[in-house]
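A, B and C are the chain letters, set down in written order, and residue numbers restart from 1 in every chain.
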Amino acid sequence: MNTDIENIADQLMVNNRNDETIAPKYPVKSMILQLIKQLQQTLFPGYFETGCLQNRTMKYRLHSLLDEISSELAEQVYLALQFSPQYQSCEPETVKHASHEISLQFLSRLPVVKEYLETDVEAAYSGDPAAFNKSEIIISYPGIYAVMVYRLAHELHLLSVPLIPRIMTEHAKSVTGIDIHPGAVIGKYFFIDHGTGVVIGGTTIIGDHVKIYQGVTLGALSTSGGQKLKNVKRHPTICDHVTIYSGASILGGETVIGENAVVGGNAFVIASVPENTKVSIKTPELRYKNGSSPARNAPPPPEDWFYMI
Amino acid sequence: MNTDIENIADQLMVNNRNDETIAPKYPVKSMILQLIKQLQQTLFPGYFETGCLQNRTMKYRLHSLLDEISSELAEQVYLALQFSPQYQSCEPETVKHASHEISLQFLSRLPVVKEYLETDVEAAYSGDPAAFNKSEIIISYPGIYAVMVYRLAHELHLLSVPLIPRIMTEHAKSVTGIDIHPGAVIGKYFFIDHGTGVVIGGTTIIGDHVKIYQGVTLGALSTSGGQKLKNVKRHPTICDHVTIYSGASILGGETVIGENAVVGGNAFVIASVPENTKVSIKTPELRYKNGSSPARNAPPPPEDWFYMI
Amino acid sequence: MNTDIENIADQLMVNNRNDETIAPKYPVKSMILQLIKQLQQTLFPGYFETGCLQNRTMKYRLHSLLDEISSELAEQVYLALQFSPQYQSCEPETVKHASHEISLQFLSRLPVVKEYLETDVEAAYSGDPAAFNKSEIIISYPGIYAVMVYRLAHELHLLSVPLIPRIMTEHAKSVTGIDIHPGAVIGKYFFIDHGTGVVIGGTTIIGDHVKIYQGVTLGALSTSGGQKLKNVKRHPTICDHVTIYSGASILGGETVIGENAVVGGNAFVIASVPENTKVSIKTPELRYKNGSSPARNAPPPPEDWFYMI
């Protein structure tokens, strides 16, 4: 039996991609998930504590949290920068210094991230009749969690940190079903309701006060070019005050949805939509059938009916 | 560096929503997830134990589990009741007493919840050709997990506990992709297959023997009224023995799907459907295209063909 | 209060399905999740370690991991085989021996599983413009994780182990939104992008170089026969080099998608598609409407336009 296992171990080593004497060390996912938790505590002080804190104590708590995050993040950034073309031939000391700088620059963006998130919570509360209060939204809404993780990952993406931003957003997708690429640019008052199946591509641009429902894709028309399309704008631009109902797909890098436009449920949009316009699919015809009578069509919906969910 | 972090901490405190001297303490998510695990063990004794139990021992195990749940739940309910309009101006002792009462009332409903869940397992087994046996369903089916958590959350919702029911169902959504609002009313023998993307709104009413597939939305026609729609019935009523195939959307508070009706895949239903009726969308036309010949339409499907998945 | 809890415990025992003196012990989910983690470490050595390993050390690490997996897996297989018709009347010693044999046979398949997974990573890298490098794919792509867990579960399925394969794939579904039944047969270079909502049924057959996007269902036309359909081929066959865009459903056990075919977004396919053919739905018509003008249709898309995402 032991010989068998030795053979298997040998075979699993044969194809090993790591040819270097010392295997590269990758950013550690469990540490990154820990960082997300700590960042959530700094962005919403008091909401994710297990103990009871006085507001005076809260500031010391925040301070020590930020200290911890600062050094842990620098460590993970250091591991990630090994994969950055910019740092690959640098001395370890240079990379270490850069990691600490990046970590601090990231932290200095937290107040702005918090400011944006406050507007997202506001949008969720005013947009969802089922919301009990803002605490419920902060503690339990998947849309807020996914957008928070995206906003944090986006800051690291802007600082050209490899690997970590994507590990963060893929984790948020795993938890929420909402898939936002760290490269997307998203304005204030952003609300995603339910959210399962939402995909927002890496070159998407979204304005302020945009509301999106479950199953919406902001995607590319085709990715059959593969790696050749890497830096091309492949995903749409959504202007301020747009609402996109569930199951809609908006595709293509030149597609612009104008201000105040509304995209109806399941609409499939591959061309720009002017401002103040409602786009919806033609009502899908239904066939009714029962035991005694043959299939018949449903009565047509009223003229001004608008397909939304 | 330390000065930087101090500045950041200060900025993160500025907008802090908690103006009170003592920050309010929220129900603790990790404790609520722990409660869900323990409740699962009481509802399906023996299935989620790591050690081997004799049936005689099982009863003592159940007893001690219920004891633990009782006090832990009371503690979380106490934290949640701070956000209840009814208890906001009460003495701590009154709230504490109410929390214990609510916790016990909840526990007294567990046998009924179990009775319902047994019928759900039965429905999953008889409805799914891929089911190996009932143990597989109890241990691994996401539909059973989501419905179990919903049934527990619904009982707390009926007892007017804020925050906790939604934390529970959002957790189940995170694990299963199935989003059932705690306010929905759902009968016996309920089966959700696959389930990713299912959304069941808070004022939905579902009868017995209903079967739902992945991607089904039981939703509102529009929520653009926001908080003003809070207590309005916005979601449909599904009668007994209805089957709803994948991707279908049934919308609106006055929409009633009659007994024994079948709603076909991707159907979009915004008006009531009579009993014993099959509703399906007109077969979507397909275009075929290959290198040598131009696009042509697919042959029409047979007349009596019914769109299901 | 204690009397109440005693009553509740009694009621929860009444319906207890376990009538035997000693309750059966089920495979333990937390152990199986632990096994998945360890197997991931053996398949991608170095990527999921928290410490820094030299390549020389890596081999010893692999060896000890495989040793651990071998005995832990045998233990879980032993628990699962109680539910296998083949072993139900066997002596414990016979079952124990079989469990160890199965565990070793499973491990001997790991190098093949690794070989397949290397091709899957290759396919993800060449197919996704957003992929930074292969490490990012291995560490963070949900498609790779779901396919890895499926490939492992499929090997246990081939060895007729009950319960464990499904627990594994349902866990992967929970993490990724991708639902692949362990019974499906899937070739090399398989890539699932985004993936939320993907359902691949238990009798599906998929060739090499197949690419699938989010929301694709490879399903049955109807499962209304329930348990009677248990061993019937209900799901489609997908040949080599097929691409299936998001939201498409391909249904039925006799449906074959020929080599090099492309199935467009949201297409609903219930009949075979010849090789080298593109199938797409007729462009969904859109209505545009704004304050001043009535609804009008969108301009028709160009003739050769192909519906993809």
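Miscellaneous remarks
Basically, a residue touches a chain if its C-beta (ideal position, glycine included) is under 8 Å from a C-beta of that chain, and two chains touch if they have at least 3 such contacts.
Keep in mind that what you see is a predicted model, and the values were worked out from it rather than measured.
Taken pairwise by the contact criterion, the protein chains are fully connected, each one touching every other. In this entry, subunit B maps onto subunit C through a rotation of 120 degrees when their C-alpha atoms are superposed, rounded to the nearest 5.
Interface subunit A/subunit C: under half of the residue numbers present appear on both copies, so the contact uses mostly different residues.
With centres set at the average Cα position, the gap from subunit A to subunit C is 23 Å.
Listed for subunit C are residues 177, 196-197, 215, 266, each touching two or more other chains. Of all the residues in subunit A, the ones that touch subunit C in their complex are 1-2, 4-6, 8-18, 20-31, 83, 162-163, 166-167, 170, 173-174, 177, 179, 181, 183, 196-197, 199, 201-202, 215, 217, 219-230, 232, 234, 249, 251, 266-271, 273-274, 276-282, 303, 306. On the subunit C side of its complex with subunit A, the touching residues are 42-43, 45-50, 52-55, 58-59, 62-63, 66-67, 70, 104, 107-108, 110-111, 114-115, 118, 125-136, 139-142, 175-177, 193-194, 196-197, 214-215, 243, 246-247, 265-266, 283-291, 295, 297-299, 301, 305, 307-309.
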